[in-house]
Amino acid sequence: MMSSPPIEVVLLLAVALGLPLTAFGVIMTLTRSQPRVSAIISLGAIAVAFGASLSLLIAHWGMPTPLVYEITWLVAGELPIPLGVLLDPTSLLMLTVVAAISLLVQIYSLGYMAGDPGFGRYYGCMSLFAWAMLTLTVSSSLIQLYIFWELVGLASYLLIGFWFEKWTASEAGKKAFVMTRLGDTAFLLGLILLWLNLGDLSIAGLNDPQVADRLSPGQLTLAAVLIFGGIIGKSAQFPLLTWLPDAMEGPTPVSALLHSATMVAAGVYLFARLFGFFSLSPAVMTLCLAVGTLSMLLAASMALVSRDIKQVWAYSTISQLGYMLMGLGAGGFTAGVFHLTTHAGFKALLFLCAGVLIHHFDTNDIFRMSQRGSRRQRLTLVCLVIGAAALSGLPPLSGFFSKEMILAHLAVHAHPFWLAAGLLGSFLTAYYTFRLIFVLLRPAAETPSDDAEGHHHSEPFGELCMAAVLVTLAGLTVVLGFGQGALTHFLSAAAGAPPPAPAHHLGWLPVVVLTLTGAAIVAAWWEFARQKRSETGWVDRFPTLATLFARRWYLDDLYRWLLDRVVYGGFSRAFTWNDQRVIDGGLDGLGQTVIDWGAISARLNRSQIQFRLMVLFAVVAVLVLYLAFA
Amino acid sequence: MTVYSLLFYLLSLLTLAATAMAVTRRHMVHAVLYLVLSFFGTALLFYLLGAPLLAALEVIIYAGAIMVLFLFIIMMIRVEKEDDRFFPFLQWWPALLISGGFLAGLLALSREDLVRQPGMTVAQALPQVFGIHLFRDHWLAIEIASLLLLIALVGVLHLSRRRRADAIEEAP
Amino acid sequence: MQVHATSFPFLTSLLLCCGLGLAIILLLPAHREREIKLVSAVFSGLTLVISLYLYLAYDRDLGGQQFAESWEWVPALGIRFANAADGFSLPMLLLTGIVFFTAVLTAWELNYRVKEFFALTFLLVLGVFGLFMSLDLFFIFVWFDVSLFPMYLLIAIWGSTRKEYGAMKLTLYLLAGSALILPAILYLVVGAGLSSFSLITLMQEAVFSPGQQRLAFLLLYIGFGILAGVWPFHTWSPVGHVAAPTAVSMIHAGVLMKIGAFGILRVGIYLCPEGWSYWSPVMAFLATAGIVYGALVGLSQTDLKYVIGYSSVSHMGIVGLGLATLTVDGLSGAVYQMFAHGIMTALFFSSVGYIYDRTHTKAIADLGGLGRTLPRASSFFILAAMTGIGVPCLASFWGELVVFLSAVRVFPIYGALVVLALVISALFMLRVVQKTCYGPPLERYAGLDDMGNGAMVPRLILAAVIIGFGLFPGALFDMINSAAIPFIEGVLG
Amino acid sequence: MVPFSHSLLVAALLFGMGLFCLLTRRNLIMMLLGIEVMLNAGALAFVAASLHWQQMDGQAMVLFILTVAATEVSVGLALIVALYRRTGSVDPDPPADRQLAAQAGEGGV
């Protein structure tokens, strides 16, 4: 299986991975002040990387066995840490998706970020992210995957806090980094546990079934749960999900690229990557199913009441990621990966449309946008509707196919509860998506003032780029659906797949799903199109529920309380007190007592004769007593 | 209780009382006079303990010369009364402690003879015998003692020489 | 442990370099500050070049002590001026060379009593070089104290907040340390009965009973541990850091704390392996406490340098944990972490020093928005902070990873605790970066001028080393493994 | 006849009183007096011991004590007079210390 690859593959990989890194280095050190040059460098690098990954994908379309090519990066003591590449359908697919979306988003950013003082730095960080994400997808060992996993976290920190002058942006960046780092430590612990027991961490080795007999079942589940902790952190699943909505502080292209399509999908990708390993312990599969469902429903509920367009899409991303984890947890490897790909497409499209609207109306609030005449943004709205339809799973679009595949797997699964949850989730998704659409389609209340219009048309080239990217993505979302058959065949070759999706004989499932989505759309139309004034639809009737959803189920308050009370107030203050009072105080006290004793004896030996005589005779007296009694 | 031991206890009582009074007097002249009395007591004790020459010497040198010198100095300096800081507390208790310690030590040392020792036989070191013994065995010590006295003499003369240069430090 | 003599006495020439530099500075008149700075730059550069050459010329597969040279010093007592370099000491020599050269360049704008400052710095680094290369217990102690006294003067005269207290406390702590080391060394030398202070003969010929080894190791561990910032004895190091001027705290945190850890390794572990294995659980506990404690206390600090001081305590805790695991990768991870942390703290202090020289305040509360006003200084600061957090492809990630690996294998609970402490260290480092560099630019710092190209040089060197060893850690690990693997096989069998 | 330890007891008491006087009296002359009493107590002990062991060396020793006492008093008093001439008082405290004591508010010392 470890056949050494032909030269051109190595060359293509070196180009795909090396170029973004060199672009990052060049931009950050040399061309940070010249925006145009750094943009060209970064775009060039990612374009070439996309080309390379595409050609790799085509070259290896039907390849039977995965291709692994490794060199040792370093030997620490007795531990060799490898640096290598694992080419198999999953990694190639993800590689192409990441490269494609990065390329499109970077083109889009030409327009969106035009005139921003940190333009060069933006493209530097974008190249850093591209490099880290691309290498993560093809990395051959878990340790290398972990390394680039953290680097992706660093890139997201830099990009979220891009406008660092805004206090909320740096705060969101810090929160994102610390929360994902919490997940990463669990991942690291799981990884170390595996490394100690198995000796090496090659992904291919982990996935084949004999691992079960080299590891005791307890260790296997513990390691799997810990690694799943990493996935929860990175893909913003149930306990650690509040950082993703706050990450919307970053520029919209960043949200489109990192926080919807690629970076947050890294968690799901890791699960897919180690699918063989995870499926060895059924406990973790059900855990994954449960966490996926919980985060899906939770996020969907939050999306219902959110007013900020980017927050709606952020919640929807968490919900869709939960959906993918449900699919994977239910054993649907191809379903999960397929949904991952389609979701990357249409979610990026939705974010980029939101970017155009924000760029145009200078506000994130959907109600104010609609008042300022969002109806007139013809092209953007068309793309938005296509994306929304794909998200809520309407037939011709890619969302329908991938979502339906996952539901099929859920149906097959023993317990009916997951299927019900899945259906409820798709209903809610359709509802909040079309809530947004209908609000935006409301007739404009204020008369559009011309200067609001002119201010943004300063860069015709920029507008063109943005529009072009939107159109391509929309086209992609429409077309991708039909690629389901080819994709499942491509992916199944990789994982020695479980039985092909049982979708065909379950005739009733698509019908049920469609009726539910239709009902959701009608309900949304009724609530938001007919009653112009309503903001959160049926949730208005339950105020407590509305605040609960708005406050993100009080998760943020819980974390804030935990941080302030336990970490800052409790430990940190106690330890600092201990440091200053106990250790320092004790020693300074010791010093002081020595000084005081010095003063006393000084006074005793003052130049007055009688004191000195006393000392003299006291000593003699003691001697006499000693002689007398000893 | 022979007359001899009775005399001994009486005299030692007298000496102790006199010294106690000498130590605690505020007026220095009274102190010196009490001390003279105490020295007379000690001289008699010497005589009792078989040292007639020493008793005489005690009276001549101690009571006579030294105490007179004291009186002479006290008169010259005209320091009558101790000022207010008579028995300062901070010095008082450590001194008591230390002298108490000495007392305890000496008592402990002398105690073990108490039991078996009936009492010292009476003997008299005649001055003639004592004189011979002195100049036969301790001739060197005598010479040193005389040298000591000479040095003291020279020292005192030098100290109290009134130098013309630092005549200024007359008593204020 | 074979010892390979050297053709040209490089190591002594390293010491001579410092000595010569010191002499010339002392000869130069005090008011000619430019010449003094030039001379010290030249000589520190020379030490860097020599240590770099030694690092490259070391024969990795031959291993053992190379470039060895020794002269009779006090034949009666068996004291020899013996120097050599092996896989453990060469990275330290290189670290000292780099930090010394960059510290001299960082102290370029100093204008207050320049002559004494550079003279004392040379004396300090002379002691440090001496200790890293010496093979004779007597000289290890002598160099330990030589490097101690200039610290006091440097902090007391050129220091900032509470400098007298900081200087006094630092010196008293370190003296207490040396007061523990001396009896341990004498105990070992006399116990061996070979009347020789040489480390090699003691290691090969002397036979120590387990009881002796335990006692000696305890004394050495606490004595050197005080300098290494081991947990309960660490309070002097943040105070010392805050009080010291920039260049001195670079050397102090960058190198002086490594003497402590290196001393434990070179004297304690080499001579008393039983003591080492006996005390290793205690070492592990103290190290873990140091890591978690340093991170947590760092959270609630208000002074910028205090934060870095406590982060050094936390990182030195990782070194201590590495040493405590009795495994090859623990040891090599610890030595790598010593090197990486030295460079990182040097960069940290030099960037904070620059910020302090411009804004004249270290209080985190009234710093802010420097990202816009001092872009270069804050970018170096952020790079150092990122290394501190342990971001991969930056130097200290590899050290931490390897140490965590061996720690989880030997002490699972401590290992898990320490890995969780990573989150806290990320939190407190990012908090500092956010408060100083991000946020709206404050108008009172608007007029500040950013780093000129001259001032960029030392920071660039440090940044290059961090990224270099971050991307290619193999270069350092092969060197350390060449000493660690034979040592562990020799000692633990 | 009287047991030897009784005489020693008397000598000890005398010595104690002399020492007490030396240490507490704030007057140089009285301190000198105390020393005289201590010497005298020593002499008494010597005489008692020479009687007890029936040897005259004890008494020879007393003679030397006498000479020492004499020299000591003469020199002592000469010093006291010189001191008196210089500082105008016979207080054992040197003037510098008195101010110090005053500053430090050391009360009755």
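Per-chain numbering from 1; labels A, B, C and D assigned in written order.
Everything below uses one rule, namely that contacts are C-beta pairs under 8 Å (C-beta built on N, C-alpha and C of every residue); 3 or more make two chains touch, one makes a residue touch a chain.
Please read these numbers as outputs of a predicted model, since none were measured by experiment.
Asker: Name the chain pair with more contacting C-beta pairs, choosing from A-B and A-D.
Answerer: Comparing A-B with A-D, the pair joined by more C-beta contacts is A-B.
Asker: Could you pull out the chain whose C-alpha mean position is farthest off from that of chain C?
Answerer: The chain farthest from chain C, judged by C-alpha centres, is B.
Asker: Find the geometric centre of each of chain A and chain B from their Cα atoms only, then give the gap between the two centres in Å, rounded to an integer.
Answerer: Going by mean C-alpha positions, chain A sits 102 Å from chain B.
Asker: Between chain A and chain D, what is the separation of their C-alpha centroids in Å?
Answerer: 95
Asker: Just curious, how far off is chain D from chain C if you go by their C-alpha centres, in Å?
Answerer: Chain C and chain D have C-alpha centres separated by 66 Å.
Asker: Measuring centre to centre with CA averages, how many angstrom lie between chain B and chain C?
Answerer: Using C-alpha averages as centres, the distance is 73 Å.
Asker: Residues touching two or more other chains, restricted to chain B: which are they?
Answerer: In chain B, residues 91, 94-95, 98, 102, 106, 109 touch at least two other chains, as defined above.
Asker: Which positions in chain C touch two or more other chains at once?
Answerer: Not one residue of chain C touches more than one other chain, so the list is empty.
Asker: Could you list which residues of chain D touch at least two other chains?
Answerer: 19, 22-24, 26, 109
Asker: Let me make sure I understand the interfaces: which chain pairs count as touching?
Answerer: So, checking each combination of chains, I get A-B, A-C, A-D, B-D as the touching pairs.
Asker: Touching residues of chain D toward chain A in the complex: what are they?
Answerer: Residue positions touching the partner: 19, 22-24, 26, 31, 92-94, 96-97, 100, 109.
Asker: If you look only at chain A, which of its residues touch chain D in the complex?
Answerer: Those residues of chain A that touch chain D are 606-610, 613-614, 617.
Asker: If we count contacts the way the header does, which residues on chain D are in touch with chain B in the complex?
Answerer: 1-27, 29-30, 32-34, 36-37, 40, 43-44, 47-48, 50-52, 54, 56-57, 59-60, 62-64, 66-71, 73-75, 77-82, 84-86, 88-91, 106-109
Asker: Sort out for me which residues of chain C touch chain A in the complex.
Answerer: Per the stated touch rule, the residues are 169, 172, 232, 235, 293, 296-297, 299-301, 327-333, 336, 369, 371-372, 386, 389, 391-393, 397-398, 401-402, 404-406, 408-409, 415-416, 419-420, 422-424, 426-427, 430-431, 434, 437-441, 472-474, 477-478, 481, 484-485.
Asker: Could you please specify the touching residues of chain B with respect to chain A in the complex?
Answerer: Chain B reaches chain A through residues 91, 94-95, 97-98, 101-102, 104-106, 108-109.
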